[in-house]
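In what follows, chain A forms one complex with chain B and a second complex with chain C.
Showing the complex of A and B:
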């Protein structure tokens, strides 16, 4: 269970996240929508620990995440697929993936290898290219790698930021299929996405953010809520 | 003197001596470039850590600890010194806006203090430990000091060992990932703070190891760090700040240039050539010969 209450965060003097409350249950995908620059990415970065919250609480199960270092937050069960994928250029595909094993403490080497092998079965292109540098992959493959290296850690909460940006429709479908798989595994997903129509197909609930505040919440299946969402985003 | 004699008695010994000096410089530059590559910190006290390593070896050697044991013991003793330095001096200013200037000045201050502390404890005079491997060997008719041959060999082993750890192990992948993108590495669970202090300490331990290995050739005195650090900085700049292979190639090349140039022109001119190369690189190719640690 994720529970965020009264969350505020700043970039210097700019007050970006202004009192956000949000909760998620296991197996729930929440779409986070809004125009550019309203604080969607900052919300994910604050949960992941890249931006320190100025006030408020973030609880994942029994663990309080607010103020912890990003590596501690990760080891508490949070995975991040950032907006620009952030593949390490000096590392091969396999090194990028095996680094993902660090998300879980105390896993044996053989268990780690088994997880990587499962990931390769799920993403055969990554197996084919495992000795290549990560940044030599195509945009779609890099997105797969960014998601795969988080899956290696089997997180309870996955933060996914603009995963379909700049990708071909076929790859976008694959990205959302992975989100669906995460949901089926019981993970919570916070999905920031500009591609609202596609995203609604995998989300259970959504929130709309404006100037750092949640201005609308709704159920993805509810026709009226969807109508209000489209009005809010003027799509 | 005919061409063969020139080759045997002048050129070849000069090349081997240049190679020994090159290995020495690479050993000092290795820690410097790793620290720069990962932490983006220009460690002005690196030369003094090299001196501390040499003095530690001198003190422990006086207590009858064998040289071969010192090669392991001194770097191990330098590790906590590096960790404490990183925690107390680097970390508090690491996230400030003027990190480059602040860490440069802090480590420069540490260098000045360390130099004086060494002077207070060991005195200002030069000391020369006995050569651990005396004598010379004749290879293809060329007489070469045994210890310099050993230094070349162990230098190659150390460089290969460091490169293996950095480029072929998960620990190395963590270091390279953290060097490139601290936040993303942390979000994959890499304990970045520990990696930072561990790597700083590792760089310091390498400087200490260089101190143990080079003292029998270049002697020990409180300002010994200054001599090598200038050349080591040049090597790091020419090779590419943060590049291990860059440090190796630039270290070996520049010292060969120094060694061979002194055969044809006055040795007074070798320093201007080497430092002129550094200036030329800073102006025309500031990224150096190779890319930075963690970058493709």
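Showing the complex of A and C:
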């Protein structure tokens, strides 16, 4: 269970996240929508520890995440798939995946290999390219790798930032299929996405952020909520 | 299946093996003609190669430029000298040098690893200068004159014993130790920790989001590099019979950085070749003119301009092609941070 209460964060003097309350249950996908620059990415970065919250609480199960270093937050079960994918250029596909294993402490080497083997079954393209450097992959493959690297950590909470950014429609469909799989595995997903129509197909609930505050919440299945969402976003 | 990173490392190992062969040939020829000067020079080159190796571990693999790595070289040298003056034991001197370097590196690492980039370079430079000046003023450590009269020791290796005064024997001992340090570093870089270092160099902001502590990884790398420098430094008084504060000065650190850049940053073996090259150049040009630093400076600039990847950066791709299996021979090594492909179409 994720519970965020009264979360505030700043970039210097700019007050970006202004008192956000948000919760998520296991297996729930929450869409985070809003125009550019309203604080969607900053919200994810604050949860992941990239930006230190100035006040408020973030609890994942029994663990309080607010103020922890990013590596501790990651090891507490939070996976971040950032907008720019963050593939390590000097490492092969397999090494990028192996680095992701560290997210789970105390896992044996054989268990780690089994997880990576499962990932290869799920992403055969990555198996084919396991010995290639990450930068030789296409943008879509890099996105697959970024998501696969988070999957090997078996996180409870996955923060996905604009996963369809700059990708061809076929790849976008694949990305959202992975989000669905995460949901089926019982992970909580916070999905920041500009492609609202595609995103609504995989989300359970949504929030709209404006100037760092949640101004609208709704159920993805509810027609009236969707209508209000479209009005709020002027889509 | 072999990948490009492993292939590059194997090519480095081939070049390291070539260096060992050349060293053995020198030992045989030197022994046959009764040479002392060139064997001593080569021994010194190998000792400073250890220092350069430590700089390459920091610079080439974690992206941290140390301008004061001579600090740990000097600490190793002074500790070794102090031990040898009391107890002429090679292993005790090496053990004490490693221990003292490790303790000092923890303190130095706690200070230096608080900052990044140019600030890290300046802090490491400052630390070395401060300690060098302190040593320079301590009479018990010989002050500005350094410590002289370090006895020539016998190095016991199992049933064998080699005198540090024997040019061939000591050269071979140093060769074994420096190559063992090279092998240990290469092994470290081949572990998952080595891959974390590679990731750290690529972009350290990304690393914590995979569950790794950047500070811890940098600290481990710093300690490992200091140990390599300290162990190399411990050999110096055995060769020269004295130590002086100059061993900790910027000149020594700067030479190590120049060796790495000339040899090839991030190649490991480049540090060894670069150091040998620099010592030879210094000796050869130094025998013609006292102004050899001007020529080394010009060579360094030419090297950076025309061979930015260094000697090994230039040679290694050819070795890679020779030893590569077909599936890697047919594909060109991609440039880092290559642009994304056309598949990504902005909607």
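Please note the rule applied: the second predicted complex is superposed on the first by the 235 of 235 C-alpha atoms of A that agree within 3 Å, B and C clash if a C-alpha of one lies under 4 Å from a C-alpha of the other, contacts with A are read in each partner's own complex, and residues count from 1 in each chain.
In this text, a residue touches a chain if its C-beta (ideal position, glycine included) is under 8 Å from a C-beta of that chain, and two chains touch if they have at least 3 such contacts.
Since we're looking at a predicted model, the values are computed, not measured.
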Specify the outcome, clash or fit, for chain B and chain C once both structures are aligned onto chain A.
clash
Would you sort A:70 into first (chain B), second (chain C), both or neither based on which partner it touches?
both
Mind working out whether A:103 is in touch with chain B, chain C, both or neither, as first, second, both or neither?
both
Touching A:139 in the superposition: chain B (first), chain C (second), both, neither?
second
Is A:131 touching anything from chain B or chain C once the two structures are fitted on A? First, second, both or neither.
second
Which of chain B and chain C A:166 touches, first, second, both or neither:
second
Contacts for A:89 in the overlay, against chain B (first) and chain C (second): which applies, first, second, both or neither?
both
Examine A:42 and indicate which partner it touches, taking first as chain B and second as chain C; both and neither are also allowed.
neither
Give the label of whichever partner, chain B or chain C, reaches more residues of chain A.
C
Chain A residues contacting chain B in one complex and chain C in the other 48-50, 69-71, 74-75, 80, 82, 86, 88-91, 95, 98-100, 102-105, 133, 135, 149, 153
In the complex formed with chain C, which residues of chain A make contact?
48-50, 69-71, 74-75, 80, 82, 86, 88-92, 94-95, 98-100, 102-105, 130-133, 135-136, 138-140, 142, 149, 153, 164, 166-169, 171, 195
Seen from chain A, its contact residues with chain B in the complex are 48-50, 69-71, 73-75, 79-80, 82, 86, 88-91, 95, 98-105, 133, 135, 149-150, 153
Report the residues of chain C in contact with chain A in the complex, numbered from low to high.
1-5, 192, 195-196, 198-199, 201-203, 206-214, 334-338, 340-341, 343-347
Please name which positions on chain B make contact with chain A in the complex.
170, 173-174, 176-177, 179-181, 183-193, 291, 293-296
